[in-house]
Amino acid sequence: MFTKFKMAWSTLMLSSMAVLPQALAEVRHEIQFPDIPGYQTIVADFHTHTVFSDGKVWPTVRMDEAWREGIDAIAITDHIEYLPHKKYMIEDHNASYQVALPTAQQKNIMLIKGTEITRETPPGHFNAVFIKDVNPIKTPEFMDAVKAAVDQGGFVFWNHPTWKGREKGDWKDIHETLYQEKLLGGIEVLNGGTYYPDAHKWCMDKGLTMLGNSDIHSPSLRHKSEPGEHRALTLVFVKEFTQDGIKEALHEQRTAAWGQNKIIGHKEHLGPLFDASIVVSPPHHKAGKSLWVEIKNNSHLTYNLKRTGDKGPLAITLDADSKVLVRIEAGIGKNDLRLKYKVENAFVGPEEALAVTLTIPR
Amino acid sequence: MFTKFKMAWSTLMLSSMAVLPQALAEVRHEIQFPDIPGYQTIVADFHTHTVFSDGKVWPTVRMDEAWREGIDAIAITDHIEYLPHKKYMIEDHNASYQVALPTAQQKNIMLIKGTEITRETPPGHFNAVFIKDVNPIKTPEFMDAVKAAVDQGGFVFWNHPTWKGREKGDWKDIHETLYQEKLLGGIEVLNGGTYYPDAHKWCMDKGLTMLGNSDIHSPSLRHKSEPGEHRALTLVFVKEFTQDGIKEALHEQRTAAWGQNKIIGHKEHLGPLFDASIVVSPPHHKAGKSLWVEIKNNSHLTYNLKRTGDKGPLAITLDADSKVLVRIEAGIGKNDLRLKYKVENAFVGPEEALAVTLTIPR
Amino acid sequence: MFTKFKMAWSTLMLSSMAVLPQALAEVRHEIQFPDIPGYQTIVADFHTHTVFSDGKVWPTVRMDEAWREGIDAIAITDHIEYLPHKKYMIEDHNASYQVALPTAQQKNIMLIKGTEITRETPPGHFNAVFIKDVNPIKTPEFMDAVKAAVDQGGFVFWNHPTWKGREKGDWKDIHETLYQEKLLGGIEVLNGGTYYPDAHKWCMDKGLTMLGNSDIHSPSLRHKSEPGEHRALTLVFVKEFTQDGIKEALHEQRTAAWGQNKIIGHKEHLGPLFDASIVVSPPHHKAGKSLWVEIKNNSHLTYNLKRTGDKGPLAITLDADSKVLVRIEAGIGKNDLRLKYKVENAFVGPEEALAVTLTIPR
Amino acid sequence: MFTKFKMAWSTLMLSSMAVLPQALAEVRHEIQFPDIPGYQTIVADFHTHTVFSDGKVWPTVRMDEAWREGIDAIAITDHIEYLPHKKYMIEDHNASYQVALPTAQQKNIMLIKGTEITRETPPGHFNAVFIKDVNPIKTPEFMDAVKAAVDQGGFVFWNHPTWKGREKGDWKDIHETLYQEKLLGGIEVLNGGTYYPDAHKWCMDKGLTMLGNSDIHSPSLRHKSEPGEHRALTLVFVKEFTQDGIKEALHEQRTAAWGQNKIIGHKEHLGPLFDASIVVSPPHHKAGKSLWVEIKNNSHLTYNLKRTGDKGPLAITLDADSKVLVRIEAGIGKNDLRLKYKVENAFVGPEEALAVTLTIPR
């Protein structure tokens, strides 16, 4: 009698398609960082999880989030070995990539194939990105797994090194072996809400690439990225915005980790990034020996400046994506006025703040 | 050589447990509605999805959201038949309930077992809640499915009736049959962002229970519920806050649908709810014939009042969880001053606004 | 005995100066509108009040607000005649300008000297801006006041014409006289939260300049201007950003009124403004006959598009300062794809929406 | 010819009145603090400025702000001596009170008459509140001014004592004299964004009343008070909410200063305030030796708890106006479980955190 009410999947599928354009209409707010001479600046998250390991979202959600939050490139790096949902899910370590890819393509998010090789600390957890097939990386021996990833052309980095404590997470023989055999490309100096100064030092000492990643497991509640309210990310300075372009930049250490109102990177990148972010206007008002000057920060990082020279305010906060007004006690001379500062939240070494000059045009 | 680095799951599991208290520390903001005489007022969502059908989150996420958003009771109602993720997941229609239950217990969320019986329109989609085992409800014939749900003690309601258009979604023979055989308990008058006036009318005419539900598929981006920024929900007026207490209230039509800055329910519930929400203070200032009065709204619904009597401002907006100031042109007599209004966003019938009285104490 | 504790004003003054740099550090968020060919786009408010008439703030506060809200040029236009605070204040109609000027200079806000000539409706209220001395404009006869303002080089416009009702606020003989004698330069088509369609029509018909102003009396509670949360403002398309440059633009009707999620102006300005605001990327994904395209809106106005041609989504909302994703059902041809739309909230006539073309590059 | 357009002030006045009800409709969000046994808890600001001294707003604005921000009682305390606007304003030190009073009455804000007696440091700045006439307090000698205030029944307190540095702002002979002669009632331990630990110590040692005030000069940009985003305020524990009731509480030191996410007061008030703010529910879930408990904080202060006993989480943050979930490792015994904590941001002495007990009902 009720056969007319039998299930009609194709119809349901189509009706689901019908609402697609609306979902697509969600808004993206770009993360703003200027390019630097020779390189385009892009923002990437190389460490995220989905229901296919211990994450809490379907892989497409990571693409929706990347769109909303202004992220350019992202890797899903589900654990190969730690599978708390395996009672309910088939085991195919390429599945999260496959599921996410069509959404990534529609939303113009660069999706990088990756995985997390997960062992007790030490050696700890390692991400392999730019790999081709996750399944062969599931091996009993840790070194075999890393080698399999590198054999596929993968870039391998050590995640949140000291999260189990300074002793357990120290640079051990196994890390030295990885490093000597050129299997280790980088380390997370920033993971979620935590900065790892040891990792920072190791990267500087050994020439390893610095990464900052979210390691996100839950859904992101962000409607957009805002100054001070964005996930930990890696800035990548690429020659071209392609998968190969990003991989080349990772191998050449052209990255900076960004989060916790800090940026961590190399002087040769952060210096030009600061200079490209900041516009100092000529003085618009003069009274006695005082000059009034506007300084605009076109980036999404708030720069905290402390005076190192003999002129200018003792401290200046250059708020992200804003303009501030500065009064300078320094008559007007013949030449541009050069004010020396250090950026207290731009680290070009474990204890070293980036030195910058604010040039006030005559 | 590297056997010491072999996978150690138990350790990983434990380390995952170690971060549990932190996750538990997330904050809940209660949704505020006063109780009404004889009944406790609770808020429930009887329609949500997870990765086990076409939702985008792991079932525990729905519990995390309910905690944050101040929701008291929730049903996960994954489609039995529409399973777009089935390539990747085992098929067990009780799984989403089982997965969510421990989190629900820890977070003190009442988790109601449910499912969505999904057919082309007509008859359309129906939710069964308070059921015991979802698997037997997967039947080829629609009526068999509904009967199986009711046989288990389930309460069955029709979802978003006219979402495929007024004609397809009309009250047809199949609905009449369900109704005559006492298989249909209620209808969604509100689903997500859409109000269904036809459903409202059918509920009033036939004595069916009115529901308002989110039908949420994606992660919720809400940090908390706020006036005007909350999911569609059902207020349930219960004798006791237990599963049986909610079921009894559903069978007795003691509900109201809340969303889109509207509340839809019965006069005998919305009248007392308004009276319990509002506190009118005695006049604190008098000048000439003017009285100044404070009116506080202790609920999370903004009441939009329009004058129906001969005194008082023509319109008053009683903002949610706020106090407003009203000037009344009406000297002071011997008796309390009674101002007649209708609440334009409280519907006690398809075209009928709730009539209320503001009593200004002498 | 306590003479050492006598008042020491100079010290107090200095200590007050000492905190100035901190106050200066407040952050400015620019309002974003692109320049159009031949003209720089600036934002101005030609109608504000202070304690020197019936406003509630000291004149410097209007400069602080302009800085924070990203406003480029502002006039304080205190009533000459309506002085409810006169019991407490000296009467000098140039005082609010004098008091505000030093702060304006420090904060790089262009302060335009102005006043409001205030009569019952009709004729109503009129602002004179770019005047030199307010005091001589205080005359018993209305026409004398307007003439005095124009004699000083002032630009006079009619404020909120129909705020006392359509009849009282109609175009009367007095307005025709002002117009014929070339004393009237423009009309507010937007004042605070109200749009005046009659004023819009009169401006179009008679070649009068359209203005949008805040008429702010209370303190502004805005920390910054945001899409949908900014004061009513006038966009001015200037040849040079000087007082003369703005005055020239007002005389040449190169303005647009912006507020209430609307923009009202001339086709020859709003067309180029839209084109300069929007960047349509080449399709980044193709599947079947579908193209996926990103559209970025670099302005602070959300454009609501409705399709007038035969291709493209029926409606597109181009959110302010955001990027949206659009799926277009239209295979790929040899040529750029041109989609015809009208901007429903850009008015180039009382009932006329701006026509635009979205060009999808091949 | 144009005599009909002559100024008509009475009409303007009336039209201004006509918009009053709308302005009144602004919304108030109450600051939430529970009453404590024997006393009603109210919130007051005893230190604010207007255009009548060096403030930036008309006096009525302070009333509008108090209404919006949920403040119960407020004093306008314009400087008597420091009058930077005097070129433009008549000199009547009672004017700001007179101007504000009608708005205070309409908005049900208790307006306390006050002034600031302003001398170089030392002695510094002092507020006198609950005075009758400000003009006689303008005297050349500082002691005469204080005596005049006290003679009127005023309560005098020392403002921001060490704002000019620890040395200048120390407790000097003049302060000892004031104290010995019972002219000094209290000290600001909190002024705007600054906490004064020295003042805190002096209050504890000498039995002076602790105050927390905004000292606001600019307009407040707050739409409402929120946890962590409210002005510095004084909680007053009154027997009755009248001017006399507040004065009695000030004289009896029944106050607490609140701001900067701190509360500073006496153990006998802060202990009961904490207990009245917190509701600990019976465990809703038990698993092994773990109990899950909900703790609700009904106040607008976030309490930061640190464990001092042997059970319970090491730290608990009880967010303002929220509920948190706590897991306790402590089986279930026969008796209520008593957990010992200190509230790290509730100071009952300069270095002394409030000790509290969380009682988990069996």
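For clarity, chains are labelled A, B, C and D in written order, and residue numbers in each chain start from 1.
Definition applied: a contact is a pair of C-beta atoms (placed from the backbone, for glycine too) under 8 Å apart; a residue touches a chain by one contact, two chains touch by 3 or more.
Nothing here was measured: the structure is a model prediction, and the numbers come from that model.
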In terms of mean CA position, the chain most removed from chain C is B
Chain A and chain C have mean C-alpha positions lying a whole-number Å distance apart equal to 39
Between chain B and chain C, the Cα-mean centres are separated in Å by 44
For chain B, residue numbers touching 2 or more other chains are none
Among line, ring, star, complete and other, the chain contact graph is ring
Chain pairs satisfying touch are A-B, A-C, B-D, C-D
Per the touch rule above, chain B residues touching chain A in the complex are 1-3, 5-9, 11-13, 15-16, 51-52, 54-58, 60-61, 64, 81-82, 84-85, 87-90, 92, 95, 99, 118-120, 122-123, 140-143, 164, 174, 218-223
Seen from chain C, its contact residues with chain A in the complex are 20-21, 24-30, 67, 105-108, 284-285, 287, 292, 294, 296, 313, 316-317, 319, 321-327
